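Next come two complexes built around subunit A: one with subunit B, the other with subunit C.
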Partner chain A sequence: MSTSTYASALGLEAAAVLLCAVVTLWRRSLGAIVRALAIQGLALGCVAMVIGLHQHDVGLIIVGLLVLGAKAIVVPALITRVVRADPRSRETQPLVNVPASLVAAGALTFLAFASTRSVTSLVPTAAGRLIPVGLSAVLVGFFALVTRRKAVSQIVGILLVDNGVALVAFLATAGVPLLVELGASLDVLLAVIVLRVLTTQLRSRLGSFDFDQLNELHD
Partner chain B sequence: MSGISPMIGAGIASGVQVVAVGVGGPMLVGAMRKVRCRLEGRVGPPILQPLVDIRKLFRKQRLRPDQATWIFPLAPVALVATVAVAAVITPLATTRPALGSGSDLFVLVYLLLVGSTLLALAGLDAGTAFGGMGSSRAVTIGALAEPALLVTILALSATAHSSNLPAIVRATLGDPGSVATPQRLFALGSLLIVIVAESGRLPVDNPATHLELTMVHEAMILEYAGPDLALVTVGEAMRLTLLLGVFVNLVAPWGVATTTHVSAIAIGLGALGAKVAVVGVVLAVFEVSMAKVRLFRIPELLAGAFVLALLGVVSGLVVR
Partner chain C sequence: MLIVVLALPLACGIVCGVMPWQRSLGWLGTAAASGVLVTGIVLSVQVVHGRPETGLGGIVRVDALSAFMVVVIGVIAVLATWQGVRYLDAEIAAGRCTRRHASLYSVLVQAFLATMLLAVLAANLGVLWVAVEATTVVTTFLVGHRRTQSSLEASWKYIIICSVGIAMAFLGTVLIYLAALHASGHGPHSLDWTSLAAQSHHLNPGIMRLGFGLIVLGYGTKVGLVPMHSWLPDAHSQAPAPVSALMSGVLLTVAFYAILRFKVIADGALGSAFPRTLLVIVGLLSLLVAASLLLTQRDYKRMLAYHSVEHMGLIALGAAAGSPLAIAAVLLHVLGHGLAKGVLFLASGEILLTEGTSEIERVPALLSRRPVLGGIFGFGLVALLGFPPFSLFASELNMLRAEFQVGLGWVAAASLVCMVVIFAAVVSHGRHLLLGPRGTAAPAMTPALVAVPLIGGLVCCAFIGVSAWPLGPLLHAAARIVSP
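Entry: the complex of A and B
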C-alpha cells in the first residue's frame, strides 16, 4: 500500500468515525442511532486493519477484526434488542434541542483540534495528525452522555466515548498490545450487558427507560 | 475551429450553457417527475411536459392583482435574469466561461439570492395571506441555509486556495484525489442538503403540493398566472439545474471542457447533461422514499448541514 493511499484511507475512516458520532446527535430515531454506531464500529475496525496492513503487523489486523466483530455486529445487535423491547421509546428525548447540540458538537470539535496541537506535533505521522478526530469523538460522546436521559442513549454515549478512546489509541501508539485491547473491548461488552439487564429491570419497575424517574424514592 | 479567439470561444461556450440550462432545466424537472411517477406505479406525464406547459402559459392572458406594485412583475424577470447571468459565469460545460474571473462562489450565491429575495417580496406584495405565509417560510429556510452555505464555500475553497469556481474545478481536475478527502466529502454533503433546501425539493418542501399547511414555495407564487408564472417556473427549473450542475462538477469534474474548442464544449455539454440527469434521477428516487420534514424540524436538517460544513473546514486544517 502506497503512503498516500494509506494516509487518505486513514483520513476517510477517521472522518467516518467522527461523522457517525455527530449523526447520533442529529437523528432522533434510536434505530438510526444504533445503525450509526455500527458503522462507527466498522470504520474503527478498518482503521486498525489499515494501520496493521501498513506496518505488516498481524496482531493489529486481528485486533481490527475483533473490534469489527464486537462493535459493528454484537453490541449493535444487543442494543437493537433493547430498543425493540419497548416500542414507546423509539425516539430520543434530548435535554438540549437538536440544532443546539449540533452547534455544540461543532464547538467541541474545534476545542479538540485546538487543544491537541501540541500532541499532534509530537507524532508527526499520517496517523498522528488524525488524533484530534478521535478526541472530538470522545467529547461528542461525553456531550451525548450529559444531554440524553434515556438508558439506551446512555449506552450509546458510553460506546461513543469508548470508540473515540480506541481511535486515539490506534492512531497515537500504532496499536496497543492485543491483551490490553481485548480487555478494554470485553469491558465495554460487559458494560453493555449490565446496562441491558438494568434497562430490563427499569422497564419492569417503572414502565420506561428514563433515568430521570430514578430521582425519587419509591416503595 | 482553433482559429477563433479565446474570448469569442468563451462567449459561445457561455451562450451554450445558458441555453442548456434554460431548456434542460424544465426537462430535468420533467424527468424527475417521470421517475417519481414510475416508482409510484403511475405512467406519468412525458419528460417534455414542463416545456409544453411553459409554452401554454406564455400564450395566456397577463393577469395581475390590482393592488400589486412594480415588484410583482419585476420578480419573475429578475429571477430568470439572475439565474441566466449565473449560468453565463459558472463552469458548467467548460472551465473557461466568459467573465470566468468573476465566477466566484460568493458571487454565485448572492446572484441567486437576489432572485429569491425578490420572489419573497413579490409574495408579500400581492397582499394575500398565503403569499405572506409562503414568503415568511421561504425566507426562514433561506436564512437557515445561508450560514451552512457560507461555511461550505470556505471548506471548498481551502483546497484550491481560491473561492473562484473555475479555479476549484480546474484544481480538482489536476488532482483527482482531492475529491476523496474528508474535507471535500463533508462540504459536498452539506452542499447537497443546502441545494435541496434552496430549490424547494423534498424533504424540505414538496413541489407537488397545494395543501395550505405544508406548501412553502407554491404559497409564495400562488398569485402568479400566465406569462409571469411561466417565467417563475422556468427560473426555478433553471436554478435547480444550475445548482446541480455546480454540484456534479465539484463531485466529478471529468468530461468538462478545459479549452474553448467546439468539440471539447460539445463533449462537456454531453457530460454535464449525463451527470446532472444521474443526480436528478437519484434525488427523485430518494424523494419517493422520503416524507416531508415538519416545518419546525427543518432547522435540525440545516443545522446538520452547517455542522457537516464545519467538520469539513476543521478536518481541512489537519488532514492534508
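Entry: the complex of A and C
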C-alpha cells in the first residue's frame, strides 16, 4: 500500500468514526443511533487493520478483526435487542435540542484540535495527525451521554466515548500492547452485557424507562 | 506466593459457582479472604527483607506498596465475608433472596476480590486499567443485588459514570504510553511501571501533563473525588452492607493506589509542582463538598458515604504533599479508614436489618436499646473522626505535619476547617442516632456472629494506632517507592 493511499484510507476511516458520533446526536430514532454505532465500530476495526497492513503487523490486524467483530456486530446486536423490546421508543426530548447539539459538536471538535497541539507535534505521521479526530469523537460521545435521556442513548454514549479512546490508542501508539487491548475490549463487552441486564430489570419495574424516571436517590 | 494470592479467591469463586448453595460456602469465602490476608503478610515480610518478585510472565509484580495493599484488601475482606454470611442468612430468611442469588452473590464477591488483587499486583499499567474496569463490571451486580428500584438506579448511575471515568483513565494511559514510545533510546518501551518510572525524566512534559490530568480525573472517578463523585453516595448506600464495606473500605483506595503509581511517573517527568497542584485542587474540592453535604444528611448510610469522600480528599492532600512521611501517613490512613469504614458499614447493615430503615430520625437511642451494636457504631464514628487511640489520629496528624513541612500550610489549614465542620455534623447526627431515652423495651442482644468481627476490626484499628511495630518497616519501604 502506497503512503498516500494509506494516509487517505486512514483519514477516511477516522472521519467516519467522528461522523457516526455526530449522527447519533442528529438522529432521534434509537434504531438509527444503534446503526450509526455499528458503522463506527466497523470504521474503527478498519483503522486498526489498515495500520496493521501498513506496518506489516499481523497482531494488529487480528486485533482489528476482533474489534470489528465485537464493536460492529456483537455489541450493536446486544443493544438492538433492547431497542426491539420497545420499538416505538425515540429520543424525543434531549436536554439540548438537535441543532444546538450539532453546533456543540462543532465547538467540541475545535476544542479537541486546539488542546492536542503538544501531542500532534510529537507524532508527525499520517496517523498522528488524526489524533484530534479521535479526541473529537470522545468529546462528542461525552456530550451525547450527558444530554440524552433514554437508556439506550446512554449506553451508546458510553460506547462512543470508548470507541473514540480506542481510535486515539490506534492512531497514537498503533494499539497499546496486545494483551491490554484485548482485556479492554472484553471489559467493554461485559459492561454492555451488564447494562443490558440492568435495562431489562429496570424496565420490568418501570415500563419503558428513561433517565428522568431515575429519581429515587437524592440528597 | 504471588500466584496463590490471586488463585485463592478465584478457586473459591469457582467452587461457590459450581456447588449448590449452602451456608458453609459463605464460610469458605471467609477462609479464602483469610488466606489472602495471610499470604499478604508473608509477601510483606518477603519484600521488606528482599527484592520485588514478579510472576505470570511479568504481568504481576509485588513490591512493598503492592504487598501493603494486599494486606489492606485481606483485612477488610475477612470482615466483609464474615458479615456476608449474616447478610445472606437474613435475606434468605426474609424470602428476598433465592439460593441461586446467594450463589451469585458469593461468586461475585470473590471475583471482586480477585479483580482488586490483580489491580494492586499488576506490573503493567494497562493490566491495572483492565483490572480496575473489571471491578466496576463485577460490583455493578453487587450494588443491585437487592433488586429494589433504588438499588438498580444506583447501579445504573454507578456503571455509567464509572465507565466514562475509566475511559478517561484509558486515554491518559495511552498518552503516557505514547510519551514513552517517543522517549526513544532510553531503554525498552512498554507499559511496565518499572520501566516507565525509570525513564520518566525523558518523557515529553506536554503529553504527560495531559495524560496525568486524565489519569487523576479518570481514576479519581473511582476514588470518589469531586467533581466525579456523584455515583458514590448512591452506590455505597444501596449496596448490601458487606459490599458497601468492601467498596468504601478498599475499592476507593485501590483506585487511589493507581493514581499513586502514575504520580511517580508524573513527578519524574514534570517535577512535583503540577501533580501537587492537581491533587490539592481535587482534594480540597472533595473536602468542601463532603462538608457541605454532610451537614444536611438524613440517612446514616449516605452519611458514611460522604464521609468516604472526605477521607479520599484527605488522602489526596496527603499524596499532594508527597514527602516520605506524607506517603507513609497516607498508607496508614488507607488501612485505618478501611477498617473503621468497613466496621461502620457492616454495623449500619445490621442496624438496617433490625430497625428496617436507614433514616437517622427514625433510629434513635441505639446505645440504650442495642448496647453492643450502638457501642460498635459509636466507637467506629470516634475512630473515623480521628480520635486516639485509633490509627486515623496518627495518620491525619502526620499528613497535616507533612503538608506544613512542604509549604502547603494553607492547604492544611483549609482542610482543618473542613474537618471541624464535618466533625460537628457527624457528632450531631451520631448523637441523635446513639443517645436518648430507651423507652420501655428491654435492651436487645446483638448476635456474636455480628459483634465478634466488628469488635475485632475496631481493636485492630486501635492497635495499629498505638503500636506502629508490625507495619513500620513495610510503610517506610512502600513510602520510598512513591517518594524516593
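Keep this in mind: the second predicted complex is superposed on the first by the 211 of 219 C-alpha atoms of A that agree within 3 Å, B and C clash if a C-alpha of one lies under 4 Å from a C-alpha of the other, contacts with A are read in each partner's own complex, and residues count from 1 in each chain.
The working rule: a residue touches a chain if its C-beta (ideal position, glycine included) is under 8 Å from a C-beta of that chain, and two chains touch if they have at least 3 such contacts.
Bear in mind that the values here come from a model prediction, so they are computed numbers and not experimental data.
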{"item": "Superposed partners subunit B and subunit C on subunit A - clash or fit", "value": "fit"}
{"item": "Touch count on subunit A, higher of subunit B and subunit C", "value": "C"}
{"item": "Contacts of A:Pro99 with subunit B and subunit C, given as first, second, both or neither", "value": "first"}
{"item": "Which superposed partner A:Val133 touches (first subunit B, second subunit C, both, neither)", "value": "first"}
{"item": "Touching partner for A:Gly11 - first (subunit B), second (subunit C), both, neither", "value": "first"}
{"item": "Which of subunit B and subunit C A:Val22 touches, first, second, both or neither", "value": "first"}
{"item": "Which superposed partner A:Val119 touches (first subunit B, second subunit C, both, neither)", "value": "second"}
{"item": "Three-chain overlay, vertex subunit A: subunit B-subunit C angle, C-alpha, nearest 10 degrees", "value": "150"}
{"item": "Touched partner set for A:Leu179, first subunit B, second subunit C, both or neither", "value": "second"}
{"item": "CA minimum distance (subunit B, subunit C), superposed complexes, angstrom", "value": "19"}
{"item": "Set of subunit A residues, in rising order, touched by both subunit B and subunit C", "value": "none"}
{"item": "Contact set on subunit A toward subunit C in their complex", "value": "115-116, 118-119, 122-123, 138, 142, 145, 151, 154, 158, 161-162, 165, 168-169, 172-173, 176-177, 179-180, 183-184, 186-187, 190-191, 194-195, 197-198, 201-202, 205-206, 214, 216-217, 219"}
{"item": "Partner subunit A, residues of subunit C touching it in the complex", "value": "59, 124, 126-127, 129-130, 133-134, 136-137, 140-141, 144, 147, 149-150, 152-157, 159-160, 163-164, 167, 170-171, 173-175, 177-179, 181-182, 190-191, 204, 206-207, 209-210, 233-234, 237-238, 293, 296-297, 302"}
{"item": "Contacting residues of subunit A [partner subunit B, same complex]", "value": "4, 8, 11-12, 14-15, 18-19, 22, 26, 98-99, 102-103, 105-106, 109-110, 113, 120, 129-130, 132-133"}
{"item": "Residues of subunit B defined as touching subunit A within the complex", "value": "177, 180-182, 185-186, 299-300, 303-304, 306-308, 310-311, 314-315, 317-320"}
